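Below are two complexes that have chain A in common, paired first with chain B and then with chain C.
Presenting the complex of A and B:
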């Protein structure tokens, strides 16, 4: 069931309450909101702007700067595959193709069963173990077709 | 008269005393420490290419065009973000720099349309200029790559990066395809205007300017001040008028005719057509900033409703008849002279206008005194800041604000009482908000939660949400705290104020009856909060008071002004930068109109008519005897008209029927007169009762001066011929001459010369001086030949500051069972006063009707929902309008504006007024609000009558 805007506001209020006193509280708030809802609902953005006494423009500028913040609900799992130079040099491009084929989706899409969202990422800081990916916040290195397909299988 | 091009120094001016000398391209340059290399170069006359900087915002260093070489430093630093150093050797041009700049420009141009010839900014585009400056000859990358420019790609597929033009704002367009993402607009919105409505969304190549959350500009947080349009280097943000007309070819510096901030603008013209109004950076009141009204809302000057021919009619029931100037003036003169013959010389009078120039106002009061031979002259300040004149004169000795606007930069605590600067004085509000972001503390005393209480990046430390009508109790309680807790500045008071009167005041104010606890129930302000606010005001450093009509338009308006002056004297907050008592004047020239002797008891310069030595120079110059008895005030004129002893009036540029309180009484007064002459741009509401209509001229059509809230006399310059044939001062002169005077002014400068010759505080004011300095603040005398920015510096002007007791006396206007709510009135940003001008511009898109703000609790009790039609009734009258249910107002208080004649808010307001000056008590009316299904009978009747009375006979 879709979240009601009152629910979103209530949850967002609690999150803002937790961080409001911090300097530079906007990013921690946004991270928690995304954690809570799996994405950042527009209602929450308006609410955050009002609570922090900043403009909608400010919140929008910040949110849109970070690719990690989503404006639509994603899948239950999020797989980020590195496409940066080090991974490319270790066969990352091919790996990415394999993943797309296995999931049947393109970048920034979610499988039709809502299970997995696939995102490109530019460097996970794991170049020594390229090619790398991140699944639900957990890093995986030295990937090849077999073990990434195993990861995908686990999710299903 | 070429197009005035102000020098853009690229980065802000630095006010450091320490000077640094460096060499730029071999030339020695000496600039204050902290100046950027870019600015230093410009001061030496060397313009370094740039795209993302301007001298009104902080340097940003993003365009990479302003690179320079500095000996001994690696690389090519950006000159906008590099500060000068002693002995630095800078080269602004080299083969390396040329190559780098061309490379950067190639990248910009590879994602920019090449439609220069048909672009609205053609000839006025920094990108175009820079392409020329760096010698761009080709773009190696071509134009076919990924871009934001084309709606469709090579094979006709839609380009997801392209976005359509946003034309939602009535005055400017946003075309994302032309944007180079320099961020100037975003920074101007933040740093200059302080609204923060714009941002850069996305990152890298996806970056794009967005209003709010990628909303269209009209729906966004944008307040349409025009700061972003002003700094945009391309046609991305462009005035619609430039798109429609083309670029201007000459410009004239003049002064805005809206509020009392008095912003300087360049009227940019193409021939006789006004292309746009651009804020003037050298304007000392506004420093290059503007608001939606001054910047864009000038369309009324060319509106079809303007009446351009004189008209007369025998009776107000008749249709108007267009006649020649001669006929109209003799008709008016005959009637006025006839009335004086029949009913006596006191039976006629004038009302001067706060919208017209000083010179015009001076002539209108001169008409009363020298031609009508009476003192029956009054002005619309009667209904706004007359208590300011009285209160500040009695306590300090001058009837004007003590500071210049720049003083706010030195304030640590600001007390805003009964004023709503973000709506009514937006440019000053921007300075105020900037100071708050820098850390100044704010105390707001207002029944309503105005934007200064809380809006993005601004939050008042204290909001004392008092009940309307209890200003005096609150201000006196603050003084009680300051005195009883020993927070006053004894040294200052001993040195500058009358010590005996201070003793008397202490005795009065120390009485526990004046304590915050004692008045809490009355004012609705928590005692502890009031105490904290008073302590902050007294101990927070430089404390400045800014107030508006929420202080003056009360039965105790003058008392409240005195109370504020007391607070400032108590704490030593008068006579230096960053402090003072400052009225925010509502109209462009209300200060000037008061200065010019518009009041029935004062000759120019606030000197009472009872003194022979004051009258003498005028009597000699004009060859008449001036009565030592004050004449009639506006309310007295109307009362006398109802009684039958006052019969004729000449009203220049004021719509008393809509703006003055108790509309029905005003209407009855006007209906009782036999000659009402309205001199205005439009057939205003007052003209429904007029016999003669003389077409007026706008501020664009005449020369003269306006005096703003900081006593600044600024030039008004003619940029086009008067559409009706005569400037307003010429019309007054023609009328005077038909009535037998022999005035021979050929230019307003001669009128100013007469003012200067007869008025001590204007003694050294001349048009030459104003031209030389740009503007000048009175007093301008031998002692202060270039004017006086801050008053009372060497001591309070009246000699010793005078403390006066401020007993609180509740207004007779009380809420009760029949009328349980208190109505207070105000303005909003996009409309101005009675709206005669702004309603005739595209500003109606923002505010097409007056609405009634009512608290959800009060609304629920009455079954009122947001947007419902409600009836607003007082014992004076009733009107209907739509409800806006909001907690901006407290329970028990309702609020509306008075911009629209359909609402006629002043039908509801009462005849009560200030005890000292008769300033009407607009801000407190006991009312009842109930559901209704449309306009009241009175509104319908008025609309019918109004339509009937505006008929103009077809020419034969």
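Presenting the complex of A and C:
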């Protein structure tokens, strides 16, 4: 069910209202927009540029720089698996391969049923209980094939 | 009332602490037992997380790793009285891993309720700030300089000198920016402070503000750290309500406010000038230096950018005095350093100690060797831009200069241990790949060099004219090292060249494998 552009604009207005007065308000605004819609819709981008009196190119420049911001909606769930060194030392790479095989997708892809988007992450600060992942904001450490596949299984 | 401590630290939550807390609530009410559950920070013994504690007449007794399914049996077995149990480790303060540490910066972490100002005060909280308020800015800065504190983010620049530059810089508005963009793999000390003792960071930043004339602070942390963001925001609100932050800090004539800002998944934003651009809402591109941020920083104003651990060490320095801090450590590395033992290591966690232990002591004696039980092959010290050291170099002393002398860095003091299954060519390739992914794109050596680096290593792996490509790789690393604007491009040579230098066999094996029969 796609959001209508007027709905996006309305929500974006509310978000901009909340942050407008802050010094350097663009990043907090974009984070909230991403949180709200799961991506940065083009309509929102235009609206933000207008409200902050900066060019669309400026907003696009910021959006495209940061890994967290997406220009397309993701899956219903977002699974971030750590690819960094501490997790590598505990078999993180193999774990990521197992996840990719189980989901049938690569990094930065969404399953065809729209259930889950798989993203790489470089460190969740759980290097002392590696390998680690984050599913919809919830942290999981000391993962192995069995328990990460169980997490995937539990996803609706 | 009986008090139970269950950590709220991310490392504990990631392995089931929330479920343990829920099980306690359920079981206690089912049994009509009363106990107060405090969600503390982590003690840093992460291999035992969730590590829970019960307060007894003898002291706090630790149990771990506890799972939700253990709770019922624990209560049956007399947990509330601190009874013995297979998961029991006795008095927490007597546990060897903790007892051997010198906890100055992490004094309260894991001990107190992170979001209780009363708890904070009970454990020497705000004594540093109160003393600072009795001093002139110059005296505060002198104290910080005399303590020998150097930037704990990795650069090791003397904190007092940075503050003095900002104090003397002209500007109507000055800022304190806390760099909490802890992106290095193998590090989590900033996260532990933010989640386990956020007031110490608020206190340190406020002192920095008073010393330099800054009235506004920003803590810039990561979107990957949701629990840190939540803890900091709650702590800032509590500090405002208590009159610690605001127009009159603890009733003084000093004003200081702060805000928590969150990044959006960019590693390079941990570089101080990228970080400033990011707060300003721009692409996190590195700025050329000079001008240094202390002269021209956030929104063009004089800005102190300090790491979390540097700022969190300020309160104890002001509280106990510069000398107390200075006398710990070796050479020009004074005070303590929270060393993070990570990756394939048995006793993983945070170990705060004076500078001066060797890698041997840290990895084997304290860390207990690998978790897999296999031989140690390498330790990466200082994050993804740090060198890989073989065990033959584990006599290296943990201080800034010793690592520099051996072409390594202390960095943010993370140690990632690898066992003998690691392929160092792959690690070198990953270092280049990571640099390519995270490069801000401003300077050519980093932006292009990292991509070429991956290609060259792939050629070596395929056995294509390896001698020629070793030379090319060394030359490329040298160009990146000397020509990059910041440490991302500049230090990628450390993991790459150390892999090549100390583990040449891993580069040869690939060569042989791919040669025709």
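Here is the rule we go by: the second predicted complex is superposed on the first by the 155 of 156 C-alpha atoms of A that agree within 3 Å, B and C clash if a C-alpha of one lies under 4 Å from a C-alpha of the other, contacts with A are read in each partner's own complex, and residues count from 1 in each chain.
The working rule: contacts are C-beta pairs under 8 Å (C-beta built on N, C-alpha and C of every residue); 3 or more make two chains touch, one makes a residue touch a chain.
In this text, all values refer to a predicted model and were calculated from it rather than measured experimentally.
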Partner chain(s) touched by A:89 [first = chain B, second = chain C, both, neither]: second
First, second, both or neither for A:141, with chain B first and chain C second: second
Touching partner for A:65 - first (chain B), second (chain C), both, neither: both
Touching partner for A:10 - first (chain B), second (chain C), both, neither: neither
Touching partner for A:18 - first (chain B), second (chain C), both, neither: neither
Greater residue coverage of chain A in the superposed arrangement, chain B or chain C: C
Intersection of chain A interface sets (partners chain B, chain C): 58, 61, 65
Chain B - residues contacting chain A, complex: 195-203, 210-215, 220-221, 454-459
Of chain C, residues touching chain A in the complex: 10-11, 13-15, 46-47, 49, 182-188, 191, 222-227, 259, 261-267, 278-285, 299, 340-344, 348-350, 371, 380, 384, 414, 416-419, 422, 427, 430, 434, 437-438, 440
Contacting residues of chain A [partner chain C, same complex]: 22-28, 30-31, 34, 58, 61-62, 65-69, 80, 84-90, 121-130, 132, 134, 137, 139-142
Residues on chain A engaged by chain B in the complex (per definition of touch): 42, 45-46, 49, 53-61, 64-65
